[in-house]
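What follows is a pair of complexes built around chain A, which joins chain B in one and chain C in the other.
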Partner chain A sequence: MESERDDGRSPSQLRPLSCARNVLHRAHGSASWSQGDTKVLAAVYGPKAGTKKNENPEKACIEVIWKPKTGQIGKQEKEFEMILKRTLQSICILTLNPNTTTSIIVQVVNDDGALLVCAINAACAALIDAGIPLKHLAVAICCCLAEGGYVILDPTKLEEQKMRGFAYLVFPNSVVSVLPKGSSRVEGEPMEHGIITSVTHGVMSVEEYLKCLERGRAASTKLSDLLRRSLQSQLPSDSSKAV
Partner chain B sequence: MDGRLANRWRLTVNEKKFIETALASNLRIDGRNPLEYRKIIIKFGRQVAWEEDGSSEVHLGQTHVMGFVTGQLVQPYQDRQNEGMLLIFTEFSPMADPSFEPGHPGESAVELGRIVDRGLRDSRAVDTESLCVLSGKLVWAIRIDLHIVDNGGNLIDAANIAALAALLTFRRPECTLGGDDGQEVIVHPPEEREPLPLIVHHLPVAITFAFLGSEGKLVVDPTYSEEAVMAGRMIASVNANGDICAIQKAGGEGVPQSAIMHCLQLASMCAISITKKINSAVEAYSTERALRKIKRHPTVAGNVSVAGSDVKEQNKTVEQVGGSDLSRHHIERLKLVSEETCSRSNDNDGDIKSSEQGGTSRGESKAMNFLGGPSNWDPYLKGVDHDSLKANVASHGILTQHMEQKEREQNSPKMDTQKRTEDIKQATLATDTSGTALEMNEERTLKDAAKPKNKRRKRASSMNAS
Partner chain C sequence: MGLPDASEDLSSEMEVDAFRRLFPLRYFERHLSESIRPDARPLGRARDTTLALGAVASAHGSALAKIGSTTMLAAIKMEVMTPSTESPDEGSIAIDFHMPPICSPIVRPGRPAEAAPVISKQLSDTISRQVKSFLCYPFLLNSGMINLKELSLVSGKAAWMAYLDIYCLDADGALFDAALLSAVAAFSHLQIPIVSLNDDGKIELISEEDDGAKLEVEPVNKEKRKLTLSSIPFSLTCILHKNYILADPTAEEESIMETAVTVVLDSSSRLVSFYKPGGPVLAHTSAVQDCVALTRQRVKELQNILDETLSGMEID
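For the complex of A and B:
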């Protein structure tokens, strides 16, 4: 059942995306990512010497600092930091630079729905810009459950507030859109179909959640395509950033 | 943390000597004169209809600062029952500089906040008495958040400009007193009544002077390497009338009185040019905003979904580059998209009407759509935003697809309020024959708008190369 969204998009249509790399001069890597009106700026510094107190010194450590647009840092910001940190930990190759800290700073420029998703995408792009070695990229998407039981993607803030429940999903970036027969499988499922992170709000049944996953995965291939294309064609134009 | 000390950036002795020696022959390391300011670019953030505007982004050379202004109704201070409040929060984000630590603001962050605060509050630049709603009970508290995003030196000046730009474009909702005893405050949302700007009497601009080397050579607007080398610094907040709003010289090398007087004179001259830049940027933004407002009135009475689509407004950037050249481009683009939206909105309707009727209604719809141009302009403008241009030309393919779809969807609810107009073919034919018609094809218009910018860049780079 198709329904009219406020801004006239179809249920599976994403907002216009734009991604820019290398926007800051002092940071080792930076990226700005916007989905519709939601805009996030991410910067990466690292690897720096030393890890924090409770971290494992045999691995690289990732530190995430979330800066809201206005106001003090509260519980929600801390939660976002934690989710982002764990997501990025799973895509970075942590054994390469033990006993170092890589800092990722996320600044919210505008929040119009799907904020965490935007931030994850921006952080990934910033990590690429900094040249931090990654296993694969992470592509994040937000799926909402509307009253009628159908799934809509990439909600605005208004839609998020009206919805029964929504889920932030992060998938690994797939290299091919159609998986070849011999692709690596983990327990009978292709690796590319794995879920790195899933955060849900609200109530939904199991079938609805699985439907969200399906839709999200389909959209994530499109998104990862765009991501790869936009990040690939950038020429290494920046001069040394060490200063 | 011991490990963190190793990460701090220190200027080498060679670089220090180089900067000082170059300055002896009046040369600075980035090629400027000692008394020259870097290029200032002021952008204004996106605005969503139910949120106040009041966000700005300032690029001063490599320094990047964002300012956000928000307002809240609070109880006034006990000793100032009739005045509103002005609060300044500065965030030295760790993304600006590897040496900035997150958490509690350090002393330079506090100093920056205090200088901006003194410039605005003590000189009464912002009229706080007009912020009073109900004496002794409710006043507006204006909160300015300054985020330092990139430290390229001279954060104080950049932050000050960002704060001023954000204050000038901030709009607070109108409140009236109502209720039985006239004690109840009704806050009107922006759809009902136009939000009001703040009353700003003058603009105190901060100018930073750095004293380098043993003779105390003076430079204006130091970069961060010059800041690492400088022996002393003075910040003067001056307004365009020549009034000194604040002077800050916190320690550092002693400077003779004549040098101070010289600095103040220079500061007034710099302040005049910076004030002009701020004012022209704000004016350009306000006119665009006003154009968008005009569109709102005819459609607000109609569909709720239309208001919803209006609300999804995109990034507005007003660049302080060539001035007239860019504004011409903007006007061209405005025309381009108004034609584009007109044709596309006609495309959406399948109904066939007589050409005559179609002609008149098209004329109407064209007029309405032209006024509606800017808001539908925005998703399109996003595609030719600086950043996304930097990103990828290839990705424009997907981007344009997204945006076409989005605009089509945006326009279809719009059409609900207007009369059903004519056929696709008729529309395109008719608009082609009309004198003001430009390219109808969506792909071409987007790329057409993208091309001038690219061309400009190529031209600029070829000029530099030649």
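For the complex of A and C:
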């Protein structure tokens, strides 16, 4: 039996999304992303010359700085920074601007569940706004596993605390361009079904995880269509910035 | 550019060592196409793993784990503390992971390694999901390996605080796997010290010497000197590269092929964590299932190694 959620949503219904780009005028690119009451602001600076130590100078370097709502950054934030960095590295075309550093600053405005997911989506929108070359978008989604074994999407903080386990999943967005046959499919699966990032908490069976994946994929398809529409509609206003 | 073609032509006339350094990816791919790795392992096999208990005499529980040349030293120190008011009959566990400069040429003195806090966080998520993290996700479910209630001494007054410190002595890939193995072994080796309530109602340690000889005070925890570990987690890190899956990568493999997947399963084969932080290769369902299958095998191996080491210790 699928139980009703506190805010009256169906299990696979997302909270109202809103995305605004070009919100900060000093940054090279910026975006604010909110899912319900969770809101994250992301700014992109760069590409700047030179890379940090221990980074490959033959590739572009991505640097992520996580700013929590209050207080100092701890281990949790360090982990978020690392996940965000690796995720963004995998969607950027790093060979295009070798020996440069692009900084992404993520400011948490409010946390009401699915924070990392919100941050990934915000950072991705900010990279688009900054015009950083990307292979494809990253679409992040949070799947929760409730007590009865059913999956709910995009939990609030209260729901997150009651759950048996949850998975943050990031998928590539669907490609609409015409590709040579077979190139976008791996072993019979379309490219957008592959996982870029997966972080799970709590114990679940492997079957339950696969179920989360399936639900996440279905939701990410819808989300990526929405993303495509919202990013396209803002394009004309960008020309003023390009001067 | 024509770089890949150049390497193809050169490979026949260049020395192996030079080829490995100049075209590392090409060098690995040549091995992988023959289903073998440069260190003579098949793709799905982990490196030799050894475990030694009681490596630190001054700690209450300790273990040294080696996977290939990746070496981790874990030690637990128990201290009595006052439990928090929210959970008066629970102890707590503090986990810290250290990467001193000796472990790898990448870690420089005076600058903490970037990987250390991340692994530390992953470990505490895996071992005690009741530890409240900075963001305050209270995992109130008893799905962790350790029941924190067992660490309680006097409800509301005293409980154990277990400080688990893991030192990386040699970082040669698959750090999390080795760290988790050493942590699990240290907890199985842990001997909780005997304590008693003194006249002031305070907890004090009874030293090992007068144990049994003249006990004027009744020990509080005579029976509870070992933790019962339920559903022990074990992990395996795999590298995804094209269609290949390489189990238990070395540091060299990790630096060349960047997509790593860490799967943690507990002894009853439940998924504790499926961790893939980005990487250029996408994990499709088949790859997910293959990684889980490899981890299932590895969990059995590690369980055997742990059981053997524990039974070996009991004989001594």
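Simple rule for what comes next: the second predicted complex is superposed on the first by the 226 of 243 C-alpha atoms of A that agree within 3 Å, B and C clash if a C-alpha of one lies under 4 Å from a C-alpha of the other, contacts with A are read in each partner's own complex, and residues count from 1 in each chain.
Just so it is clear, a residue touches a chain if its C-beta (ideal position, glycine included) is under 8 Å from a C-beta of that chain, and two chains touch if they have at least 3 such contacts.
The structure displayed is predicted, hence computed values, not measured ones.
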| query | Here chain A is shared; do chain B and chain C fit on it together or clash? | reply | fit
| request: Using the superposition described at the top, determine whether chain B or chain C touches more residues of chain A. | output: B
| Regarding the shared-chain residue A:N97, is it in contact with chain B (first), chain C (second), both, or neither? | neither
| After superposition on the shared chain, which partner residues are touched by A:A27: those of chain B (first), chain C (second), both, or neither? | first
| task | Check whether A:V109 is in contact with chain B, with chain C, with both or with neither, and answer first, second, both or neither. | result | first
| What is the value, to the nearest 10 degrees, of the angle subtended at the Cα centroid of chain A by the Cα centroids of chain B and chain C? | 110
| Partner chain in contact with A:M204 - chain B first, chain C second, else both or neither | second
| said: Using only CA atoms and the superposition described at the top, report the least gap between chain B and chain C in Å. | reply: 13
| message | Shared contact residues on chain A, chain B side and chain C side combined as an intersection? | response | none
| said: Quick check on the complex: what are the chain A residues that touch chain B? | reply: 4, 6-10, 13-27, 30, 32, 34, 36-37, 39, 41-43, 45, 48-52, 65, 67, 69-70, 101, 103, 105, 107, 109-110, 112, 156, 158, 222, 225-226, 229-230, 233-234, 243
| request: Show which residues of chain A lie in contact with chain C when the two form their complex. | output: 54, 74-79, 82-83, 85-90, 111, 115, 160-161, 164, 167, 170, 172, 186-187, 189, 191, 193-206, 208-210, 213
| chain A partner contacts - residues on chain C that touch it in the complex | 106, 114-115, 117-118, 120-122, 124-125, 129, 133-135, 137-141, 143, 231, 259, 266, 269-280, 282-286, 288-289, 292
| query | Any idea which chain B residues touch chain A in the complex? | reply | 1-4, 6-7, 9, 45-46, 48, 55, 62, 64, 66, 68, 70, 91, 93-98, 102, 143, 145, 147, 149-152, 225, 305, 308-309, 311-315, 379, 382-383, 385-388, 390-395, 398-399, 402-403, 405-406, 408-413
